[in-house]
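Presented sequentially are two complexes of chain A, the first with chain B as partner and the second with chain C.
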Partner chain A sequence: MSYTSIKFLIFVTVTMLAYFLFPKKWAEYKWTVLLAASYVFYIFAGIQYIGFILFTTTSTFLAGLWMEKISGRSKDYLKEHKGDLSREEKKKYKERTKRTKKLVVALTLVLNFGILAFLKYAKVLFMGGTGDLLVVLGISFYTFQSMGYIIDIYRDTVPAQRNFFKFALFVSFFPQIVQGPIGIYSQLAEQLYKPHDFDYDRFRHGFLLILWGLFKKMAIADHANIAIRTVTEHYQAYGGTTLLFTVILYALQLYMDFSGGIDISRGVAQIFGIDMMENFRRPYFSKDISEYWRRWHISLGNWFKTYLFYPLAMSNAFLTVSKNIKKSKFGSTAAGAHIAKVLPTSFASFVVFFMVGIWHGANWKYVAFGVYNGAIIMLAVLMKPAFEAILRKLHINPDCAPYTAFRILRTFVLVLVGYVFDVAPSFEESMLTFRLIFTDQNLRVGYGEISELGLNKVALIFLAVSAVFIFIVSAIQERNDKTTIRAMLDKKPAIIRWGVVYIGIMAVLVLGVYGSGFNAADFVYAQF
Partner chain B sequence: MKNTQKQTNKKPNTKRRTYRNRIIMITSLVLAVLVTTWFLQEFILCNPNHNTERIRGFYLEDENSMDVVFVGSSEVYCAYAAGLAYKECGFTSYPYATEGNTVRNFKTIFDEIRRTQNPKLIIFEINGAIYGDKNIDKEVNLRRVTDNMPLNDNKVDLVERGATSDQVEYYLPFLKYHGAWDNMGSTWMWSISLIQDKLRGYNLLKGIKNRTLSYHPTSKVYATEELKYRRPLFRKSDEELRDFLQYLIDENVDTSRILFVRVPHITTDENITRYQRGNSIADTVRSYGFRFESFEADDPVIGMDVDKDFYNIEHMNVYGQQKFTKFFAHYLQDNYDITPSELTEKQKEEWDKTIPYYDAYVKYNEQVFSEGGNVEAAENYLCMRQINKLVEK
Partner chain C sequence: MEKVLEILQELRPDVDFENEDSLVDGGVLDSFDIVALVGELNDEFDIEIKPSDLIPANFNSAKAIAALVEKLMDE
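For the complex of A and B:
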């Protein structure tokens, strides 16, 4: 059941009715409606996959209880033997407890990430094929979300959930199961379990967000996808100009597809009174690649930052290397001191992006994508003093508008380079794309090829106008980061507010790609 | 005390007003969306063309006001002008014909004619049974009929018999055509025409369409006596034709009120097999007890000129159309006793209007011919602008 289908619309409406008409005297069980809806949604996607989500839910739930039991037992023991144990004995006992918990968390992580890795890489590693062994709906997203929860319990930052069904809802909440955002237990869980009454303003805001997401996905992304799919299916047939056009179009399509899907998810959740985290903050306005990754797929970035980057950067191994550099002769120089200071974080960044690349799938192009992003970030951090010196020498004010515009444009070009790996079917073809983009530019040939990509002139003009429209909306949001376009709309007269809704609905109905004449694309990130 | 009471009275009122306003706004929004969607579906995004204008025009005609209905494919609206037949013989008629109309659609069209009219004669041009299996199954050949039919049991029956894709889209064509905005080209001229027809309540040219070209055959044109061979029909066409004929029998249809015909074509090596299949159709039709008349090839009575009267080997231009219509209208009058029905004042006024409009249509075609232009002449906005000027003159 796609988020853009009539079925989903009916499904959400029925869930809404069931949720908001739930008997008031049993309000504390309102969340069961969301749980039932989430499992119905999952069963619609394919009942054969339900075992995977049930396994993750059960194993994580039990591991959470187990760890909490270990912590509780340890605390009780220490309390009981407060006077009997020496400091050394207490320390040893605590370490032993930590070791046991570590073992439990490691086992849970290995088991669950193991399943994810097996499904993603088994075909490539053991069967000599390509692609995933099985594409299980949302497995990446619910695995990351559940593993975040188990690490939080290990760190004693959240208490374990004692109700299996409540935990099952946290793992399977239907608006986020397809492509996130990856929720954090401490932020999401209580909202899920709390009974929410119908709120007209929330409904209106949620509806507008859904409409906006549908427009981005169905009208812009799916139109762009027609041309992109034509190129990627016959990659070798096109020249450098067309490939460059395709990569730029991909930047628009991917952003609209992913952020559109997330808007639909957030909009639906908002109607139920649940605020899911923002997953995008105008990423193409980023001034460097690090910022881009803080604005793009924010929930995944946060996950890696919290559960991989910090543990790595603060790990003994990384800190030791840093200390050794500092102590060395090189460490006494300005450059050496800087490198010693930032090496742990920059190297941790590299590892994180390498992992992000691998997470995308079992293909060398994704490894290259990860290495490329990691290397750029690492170099940017390590070379920062050198870049600053160049700016000083050239008398450029780093905060002036032209330089900021240059940085935004430069970052966008760097992002496009990364997209070449993503859009090309394989690593070899991404290399071919780079070669052709630089050596085979011919506007006339490109124009001819582009007009044969399944989009006529009117559709191409529509995409160009849409890109400008998105840019303007993003620029407005960028200038007023603390408010939303919806909040701005609230201040306008009723006729404008309702007019916008009317235009939005008609735009989706008319401009959207749907129906049997089209082959609407699945959400890109649903495959990861 | 008084103030507090006033405030408490005010609060529920404000709340009620807010709810009422919301309900009004939501209802208005839903209505606005529905009306816009309907308008776009009906007139703008329905891929409007001459087929749309013709079939919708049929449904605009008053019930039981038609003496003759002529069913078929493109041959029919190129060969037969209802306005000219009315001028010549005074009976009312209409071409229920679409491009590529296949024999599969005949049963539903017959039912639709029976539902809306009570004609003295229903004529079926048999081109729709000559098609190959692929054409029979082509979605577009079905859609040209179903998209323009009102929703009723007949439509449901046809969709169920013929649809190969999602059936919902046949009942809600917006789902299919909403994306047509990027490829509308000159369809706007048909949109205007559809709106004008709807507002007027009838169309002026009764669904005719020609091209302003004269075809000159470059290979041998066969005479009727050379074309005796009977070539079997394609499987699906044969099955559909027999099903339709059996249906007419099962429904106890008066055979004197049904006529199968073949209108004139130019027969060369290029399309000789179609002629030969036409011979087989004649046998089949007659074997079920229905009448069949062929006006194929070089009938000297009609006086068709193969060098002037066709715009391609299958279709007549306005010159051929005039010759055939005059001949055929009198032929029907003489052989099938088609006498004009009594029309109401309003109906008569409407039909009388078709005469100057058809005359202007002929003049318009002749003008374009003389200028060497090649246009599709029909009741679309661009043609009608010129035709209106000629009528006013």
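For the complex of A and C:
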């Protein structure tokens, strides 16, 4: 059941009725409606997958309780023997407790990430095929979310959930199961369990966000997808101009597809009284690649930062390297001091990007994508003093508007280079794309090819106008970071407010991609 | 507290640490600064700041950082 289908619309409406009409005297069980709805949604996607999500739910739930028991026992023991243990003995006991917990958390991580890795890589590694062994709906997203929870328990930052069914809801909540955002237990869980009453303002805001998401996905992304699909199916048949056009179109399509889907998810959750975290903050306005990754797929970046980057960068091994450089002769120079400060961290971020790359799938092009992003960030950080010196020499004020515009454009080009790995079917073809983009530009040939990609002139003009429209809306959002466009609309007269709703509905109905031969495309990120 | 301020000032001379109270939430310090800061604090005060201590509330102001250091020194 796609988020853009009529079926989903009916499904959400029925769930809303069941949730908001739930008897008041049983309000503390209101969350069971969301759990039931989430499992109905999941079963609709294919009952054969249910074993995977149940396994992750159960194993993580039990591991959480187990670790809490270990911690509790340890605390009780230390309390009981407060007087008769030396400081040394206490420390030793604490370390032993930590080791046992580490074992439990490691086992849980290996099991669950093991399943994910096996499904993603088994076919390529052991069977000589390509692609995933099996695409289980939402497996990446619920695995990351559950593993975040279990690491939080290990770190003693949240109490373990004692109700299995409540935990099952946290893992399976239907608006986020297909493509995130990856929720954090301490921010999301209580919101899911709290009984929310119907709130007209929330409903209106949620509804508008859903409409906006539908427009981005169905009118823009799905149109762009028609041309992109045509190119990728006969990739070798096209020249450099068409390939460049495709990569730029892909930047529009991927952003509209992914952020549109997230808007629908967040809008639905908002109607139920639940605020999910933001996953995009106008990423194409970023001034450097690391900022881009803080504004694109924010929940995934956050996950990697909290659970991989910091532990790695702060590990003894990494900090020791830094210290050794500092102590060395080289470390006493300005460049050496800078390198000592940033080398371990930039290496840690390189590892993170490598992991993000291979998470996308078992394909060399994704490895290249990860290495490319990691290398840029590493270089940018290591070379920062040198770049600053060049700017000073050229008498450029780094904060002036033209230079900022240059940085935004430069970052966008770097992002486009990364997208080439995504669009091209294989690593070899991505290399070919780079070569053709630089050596084979011919506007006339390109125009001829582009007009044959399945989009007529009207559709192409519509995409261009949409891109400008999205740019304007994003620029307004960028200037009003503290509020939302919906909150700004609230202050306008009723005729404008209702006008926007009406135009929004019409835009989705008229401009969306529907009908036979034009099957709405699946969300790009649902496959990860 | 004074030593903490000194370390912060050395790390990022461009920031007014005495008055800034959303170092992390406001995006003043990025993750590279945080890791460098952790290294310095660990050495200076002989403590071990763990990844689980890296919540914004612990790093949003010089005062909060000093409080974290004090807490870890007591342990």
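By our rule, the second predicted complex is superposed on the first by the 527 of 528 C-alpha atoms of A that agree within 3 Å, B and C clash if a C-alpha of one lies under 4 Å from a C-alpha of the other, contacts with A are read in each partner's own complex, and residues count from 1 in each chain.
Simple rule for what comes next: a contact is a pair of C-beta atoms (placed from the backbone, for glycine too) under 8 Å apart; a residue touches a chain by one contact, two chains touch by 3 or more.
Just so you know, these numbers come straight off a predicted model, no measurement behind them.
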| item | value |
| --- | --- |
| Fit-or-clash call for chain B and chain C when the two complexes are aligned on chain A | fit |
| Which of chain B and chain C A:Tyr200 touches, first, second, both or neither | first |
| Touching partner for A:Val458 - first (chain B), second (chain C), both, neither | first |
| Touched partner set for A:Ile450, first chain B, second chain C, both or neither | neither |
| First (chain B), second (chain C), both or neither touched by A:Trp498 | first |
| Partner chain in contact with A:Leu511 - chain B first, chain C second, else both or neither | first |
| Contacts of A:Ile220 with chain B and chain C, given as first, second, both or neither | neither |
| Which of chain B and chain C A:Leu319 touches, first, second, both or neither | second |
| Nearest Cα pair across chain B and chain C, whole Å | 39 |
| Overlapping contact positions on chain A, where the chain C interface meets the chain B interface | none |
| Residue numbers on chain A that touch chain C, as the complex places them | 155-157, 290, 305-307, 309-311, 313-314, 319, 322-323, 341-342, 344-346, 348-349, 381 |
| Footprint of chain B on chain A - complex, ascending | 200, 455-456, 458-459, 462, 494, 498, 501-502, 505-506, 509-518 |
| Chain B - residues contacting chain A, complex | 22, 25, 28-29, 32-33, 36-37, 40, 45, 165-166, 169, 174-176, 178-179, 181-183 |
| Sites on chain C touched by chain A in the complex | 30-32, 34-36, 38-39, 42-43, 49-52, 54-55 |
